[in-house]
Amino acid sequence: MTAQLDRDEAVGLLRSMLSIRRLEEKSAELYSAGKIRGFLHLYIGEEAVAAGAIRALTPDDAVVATYREHGHALVRGMAVRAIMAEMYGKATGCSRGRGGSMHLFDAALRLYGGNAIVGGGLPVAVGLALADKLQGRPRVTACFFGDGATAEGVFQESLNLAALWQLPVLFACENNLYAMGTALHRAQAQTDLCLKARAQGVPAEAVDGMDVLAVARATDDAVAAIRGGGGPRFLEYRTYRFRAHSMYDPELYRTKAEVEQWRQRDPIPAYSESLKRDGLLTDADVQRIEAGIAAELDDAIRFAEESPWEPAENLLTDVYSPRPA
Amino acid sequence: MTAQLDRDEAVGLLRSMLSIRRLEEKSAELYSAGKIRGFLHLYIGEEAVAAGAIRALTPDDAVVATYREHGHALVRGMAVRAIMAEMYGKATGCSRGRGGSMHLFDAALRLYGGNAIVGGGLPVAVGLALADKLQGRPRVTACFFGDGATAEGVFQESLNLAALWQLPVLFACENNLYAMGTALHRAQAQTDLCLKARAQGVPAEAVDGMDVLAVARATDDAVAAIRGGGGPRFLEYRTYRFRAHSMYDPELYRTKAEVEQWRQRDPIPAYSESLKRDGLLTDADVQRIEAGIAAELDDAIRFAEESPWEPAENLLTDVYSPRPA
Amino acid sequence: MTAAPATRTTYREAIRTALREALASDPRVFLMGEDVGCYGGTYAASKGLLEEFGPERVRDAPLSELAFTGAGVGAALGGMRPIVEIMTVNFSLLALDQILNNAATLRHMSGGQVSVPLVIRMATGAGRQVAAQHSHSLEGWYAHIPGIRVVAPATIEDARWMLAAALRELDPVLIFEHATLYGVEGDLPPGPGRVDLDRAAVRRPGTEVSLVTYGGMLGRTLEAADRLAGEGVSAEVVDLRTLRPLDDATIMGSVRKTHRAVIVDEGWRSGSLSAEIMARVMEQAFYELDAPVARVCSAEVPIPYPRHLEEATVPQADAIAAAARSLVKPRG
Amino acid sequence: MTAAPATRTTYREAIRTALREALASDPRVFLMGEDVGCYGGTYAASKGLLEEFGPERVRDAPLSELAFTGAGVGAALGGMRPIVEIMTVNFSLLALDQILNNAATLRHMSGGQVSVPLVIRMATGAGRQVAAQHSHSLEGWYAHIPGIRVVAPATIEDARWMLAAALRELDPVLIFEHATLYGVEGDLPPGPGRVDLDRAAVRRPGTEVSLVTYGGMLGRTLEAADRLAGEGVSAEVVDLRTLRPLDDATIMGSVRKTHRAVIVDEGWRSGSLSAEIMARVMEQAFYELDAPVARVCSAEVPIPYPRHLEEATVPQADAIAAAARSLVKPRG
C-alpha cells in the first residue's frame, strides 16, 4: 500500500502518529505538574487509527469524537497551540478553555467534539449526516467511539437510523479491548462487534488498528463507498491503549505482561522501520520530524502558559445565543 | 404435535384463544360504551402467541408483558373478574383499578405488568431472572414485547446482560409487523429480528405465531433449554394484529386488503378445524366452551359494574411501603 | 391592517397549521418522530403533512427516542431546523441525556462555536385516563436546564404562533402541548399573532389575587377566577407561556398589584415549577405580600387510571378557588 | 455502651465499610455497576470487594445504564436487595426512564402488590474540573419523584450508616455522594450510628440566621458560619441529609428560631431544591420571617473546566456569608 501513497503522504502518516505521541507524553507530564487538570485520557498506542483514518476525509466532512480525542483534533488540523491552551483551560484554547481535554471543538474544522458521554456522539453524527443528505451535500461524517460504547443502547439505535435512512456516516469503532477497567469479553456476550453493526443493516469490517496503512486503506474504501451513496459503514479498528484509562486509573484489571505484549506492536516503530526499508525515510528525516514536533510543542506550551484566562465575568456568555434581530 | 398433547391440553389451547378473543371483543364494546377508558390495546389476531407460549411456564416462573396484555394475564390464570374490574378502574381489579387495561399485575401469579413504556419491561425481566439465578431457583422469566421494542436501545442492552450473565430469560417477541403505524421495514434497516438477538449472543428462532401448536412446541423447547441452564433464548413469534393499535387509531398506514389477507390466517378457526379433523373436538364442544366463556364474561362484567371504586382518600396509599418495624 | 374575522379552529388544527407553515416556508425545517407520518401523529397534529411534504421532511422514526433526539441535535448543528416530536413527556426521559448533556450544553462548552437550533415538541399532562406511565407533567424539570428555552402554549393562538417563534431561536426550544388541549375549539384571531417567547400574558385582569399558571391548567384557573368573581373576589390570571426563562416582570407586576398569589401547576407539588415561582416572589416581592403565596399542584403520586382518582390527583377549579379565597378572606 | 474511641477514616473508606457490611450481613445484597469490580470503583469506593465477595455479588456491568438499572428494579422485585452504582449523575439520565417510570411507580400502579427495595448510589457535583458532562447536581430533580427516597450523606458518619438504613427500606432509595467528599478525612464515632433517613441534622447551632444545605455544600456552609461567627453573627447550619421526603419540622424549627434563612444548594438556581425549601418556608413559616429567605446556588451554566470558572459557578463560602450577612444586617 505504500505503493499507492506518495512519499509525502507516507511520511505524513508517521509524522501524524509521532505528533500525537509526543503531544500526549507531554500532556501526561503537564498533568503531573498540575498544569492540565480534570480528566485526561491518553491515546498512546492507538495513534495509527486517527492518523490513518482522518486523512481519508475532506475538509467538508465532519468528525465527532470522544473524550480521548487529542489525536483526532491534531490530525484533523487543529493547531497544537489551540489544543494545549484548551487543556490548560485558557481563553485561547479551541473551546475558549471551557471544555478542556475532553471537549475539543472546532467548527471551522467541522470537529463537533470531544463528547464525554460514552455513546453521546453517535446520534449527533447521524444527525449531521442527515443534514448533509437533506441538503444534498456529498459529505461524510466520521464518528469515533470505543468498544465500550457499543454496549450502550444508543449505539444500536444510531446505526439503525443511519442504515434505515442510508446516511453518510462512518462508524469508526476504536476497539482497544477495554472500557475503563472492563474487558470487552466481560462486558459483552458477543464480542464480534461487526456482527452488531450488520444486525442493524450496516456493512462492517474489522481492521488491524496497529497498522496505519491497513487503517488508511480500509478507511479510504469505506469513505469512498459512503460518499458514493452506499449508506453508512462500520469499521472496527483493533487497537490497544498502552497507558491507563485516565490519570486516576491504577490498572488493576490487566497484567503488565499483556500491556508489554501489545507494546511490541507499537504502530510507530513498525511503520517507521518499514518506511526506512522502502527507502522513503532516513534517520535524519526522523530527527527533523521529531525536532519540528518538539519545537511546535514548546511553542504551544509557551503559548498556553502566556495566554489569559477567560474572565469570570464571561461565565454566562454563550449559554444562549445572541437573539437574532 | 397434537400427538404430544393430550385432548384436554389440545382443547385447552383453543379455549385459551377463544377466551382472549371474546374478552377483547367485549372490551371493545365496553370501550365504546364508555365503561373502559384511556388506552385499550387489543390482541385480537395474536391469541396463539400468549395461549401457546405461557402454558410452557410453571407457576413459579414469571411473566413480564406490555400494555397489550389481557391475553397474557388471562392465560397466566388471572380471573376474568379481576381483569374486567381493572379495566373498569374498580377497587376489585387486579391492580385495585389503578392501572387499567395497560397495567395488569398479579404478584401471586408472578405477573409483573403490564408495562406501557415500550421496552420498559425488558431489563426488569433480566433482573427478575438475575434474582432467580443468584438465589439458585430454577425459574424462567418470560418477557413479552413487540417488534417495535426491538428498535429501542434497551432491547440490545437487556439481551446482552442476559447473555453475558447467562440468565434464564425467554425473550418473547410478538412481531405483528407494526409499531403503532410504523411498519417494521419502515422502522428498521435489518428486519430479521433474530439476527439482532444473535448479535447479542442470544440464540434465536422465528416461529409462526398464527399456529398455536408451533408456538407451543417452540416455546416448550426454548423454556426447556433455558431451565436447563442454557442461558436466555429469543423467540420471534410472527403474528398480526387484526384490530387497530388502540381505540384511537384510524389505521391509515395499512390497507384493508392486507388485514383481510392476514385474517385468512386467523389462528382460531384453523386450529379448531384441525382439532375437529383429529377427532378431538365436536361442534357441541365448541358451543359448550363458548357458553362457558360467555357466562364467565357476563359474570365478570356484572362483578365490575357492581364493584366499588377505590375511595379517593386512599389516593396516596402505597406510594411508599409501610415502614418496616 | 383591517380587522379580519377570527377563525373557528382547534388547538390541534392550529398546531398543524403552524407545522405546515414552517415546512412550507423554510426548506431547512423537517419534522421527525414516532408516527408523525403514516399514522398522522399520535394526536393527529401532523395528519396530512406526509402527503404534502413527503417522507424526507415528515420523517417517521423508529422507537428510538434517544437516537432520534440526538439526530435532531446533529441535524441542527448541520444547519437544519429540525422539529423533533416526542409522543409523551414520560418517554422523553429516554432522550434526556441528549437534551441535557448535548443540546443544552454544546454551545457553551464549545466556547460559543456551535449552536443547536432544535425544536422539540411533546405532549404532557393528565386528563385522559392513560395512567402512571403516560400522564405526568415534567416540563418543570426541563425549565431547570440552562441553555434551553421551554414554552407551554395554553391557547389556540399560542399553539398557532409559538412554533414559528421557536424556530427563529438559535437555541433548543422545548414546546409542551397539554394532551387535553388538542381537541379544544376556539377562535383564532387573524395572524400574524404574538410571537415572542419572552413574556407571560395576563389572561384576565384582576385586583385582589394573582392566579399564576400555564398550559393545561389555564382553563380551570380561568374557571376558578369566574367563580371567584361570582363571589365578589377579583382574581387576575397570569399565563406564564414561557417556563424558561420565566418572565419575572409580569409575575411580579401582578403580585405587586394584588399582594396575593396562588400558583397553579399540574406538576407534582414538591419541586415543581410552582416552587421556583414562590421562591422568586419571595426574593423579589416579599415586602409586597399580604399573605404567603399558596399553590395548588398535583398530588405526589403516580397518576392512577380511574377518572375519580385522576381528578383527585390534579388541580381542580374548586381547589384553586378555595386557595385564592383563603388568601383574600382568611378564616377567623 | 462504653465510649469507644472515634476512628480516623475517609468518606470513601466509610462507604466501603458500609458496602462490605451490607454484603457480609445479607445474602440478598449485591453491588452492580460499571467498574465496581475489577477496576475497584471509579472513586475506589468498592476497591477490594470483588476479591472478597466474588463476581456474582460485586458485578461489573457493561456500559448500559438503562438496562442495569432496570435489572436492579427486576432483581428487587425478585427478592434481592440490589445496590446499583451509577458513576456520575449526568449518566443517570440514561437510566431515568427505569427510575421514574418503573422503580418509583410499580408499587402504587400495581395497587400495592409489589415493592422495589432498590438502592441506587451515584456521584454528584462539581469541584474536580471535569467539565460540563460530569459535574452537575441533579439530585434536586430526583427529589421531585413520588415513590422514591433521596438522601445525600454529607458527613463521614452518614456515609458509613446511611446505606444500611437505605437497605432496610422497601422502596427505592437514591444515595448521592458528592464527588469531592470521597477524599475527605475525619473522625468516625463508634457505631452503630444514627441510621434514620427521615431527619435533617443541625450541624451547628445558632440563633440569628439558618443556613440550610446538604451534601457537598455542607463544608463550605460551615466555613461561612465560622466566618460569620468571627463577625459576631450566630448562624445555625442545617444539613438536610434527606432530600425526599424533606424534614419540614427541623427546617421550620430552625427558621422559627432565627427568623432568617439562606438556602445553599449546588444545583442550578432556577428550579433547584432551594426553591422547594423556600416555598415550604413561605407556606409554613411566613409570619416568622424577618426577611425574605435567600439562596446561594450554582450559576445557570454548563459547568466549565477551568478552576476559576468552576469556582465562579458553584456556591462559595464568601457568597454564603455575604447572603447571610445581608439578611442579618441589611444595608442602609
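The chains carry the letters A, B, C and D, assigned in the order they are written, with residues numbered from 1 in each.
We adopt the following convention: a contact is a pair of C-beta atoms (placed from the backbone, for glycine too) under 8 Å apart; a residue touches a chain by one contact, two chains touch by 3 or more.
Quick caveat: nothing in here was measured; it's all calculated off a predicted structure.
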{"item": "Identity of the chain that, by mean CA position, is farthest from chain A", "value": "B"}
{"item": "Between B-D and A-D, the pair joined by more C-beta contacts", "value": "B-D"}
{"item": "Averaged-CA centre spacing for the pair chain B and chain A, given as whole angstrom", "value": "46"}
{"item": "Centre-of-Cα separation between chain C and chain B, whole angstrom", "value": "36"}
{"item": "Gap in Å, rounded to a whole number, between the CA centres of chain D and chain B", "value": "41"}
{"item": "Multi-partner residues of chain C (each touching 2 or more other chains)", "value": "62, 64, 66-67, 90-91, 94, 97, 101, 108-109, 131-133, 146-147, 300-302, 304"}
{"item": "In chain B, residues with contacts to at least two other chains", "value": "97-99, 103, 115, 117, 120, 151-154, 157, 160, 164, 186-188, 319"}
{"item": "In the complex, chain B residues that touch chain C", "value": "37-39, 89-90, 97-100, 102-103, 115-120, 148-149, 151-153, 179-183, 186-188, 249-250, 252-253, 309-310, 312, 315-316, 319"}
{"item": "Chain B residues touching chain D - in the complex, by the definition given at the top", "value": "62, 93-99, 103, 105-107, 112-113, 115, 117, 120, 122-132, 134-135, 141, 153-154, 157-158, 160-161, 164-165, 317-324"}
{"item": "Residue ranges of chain D in contact with chain C within the complex", "value": "66, 90-91, 93-94, 96-97, 100-101, 104-105, 108-109, 131-133, 136, 140-141, 143-147, 244-246, 267-268, 270-276, 278-279, 281-283, 286-287, 289, 291-295, 300-302, 304"}
{"item": "Residue ranges of chain D in contact with chain B within the complex", "value": "30, 56-57, 59, 61-62, 64, 66-80, 82, 97-98, 101-102, 106-115, 146-147, 149, 168-171"}
{"item": "Contacting residues of chain B [partner chain A, same complex]", "value": "151-157, 160, 163-164, 186-190, 195-196, 198-202"}
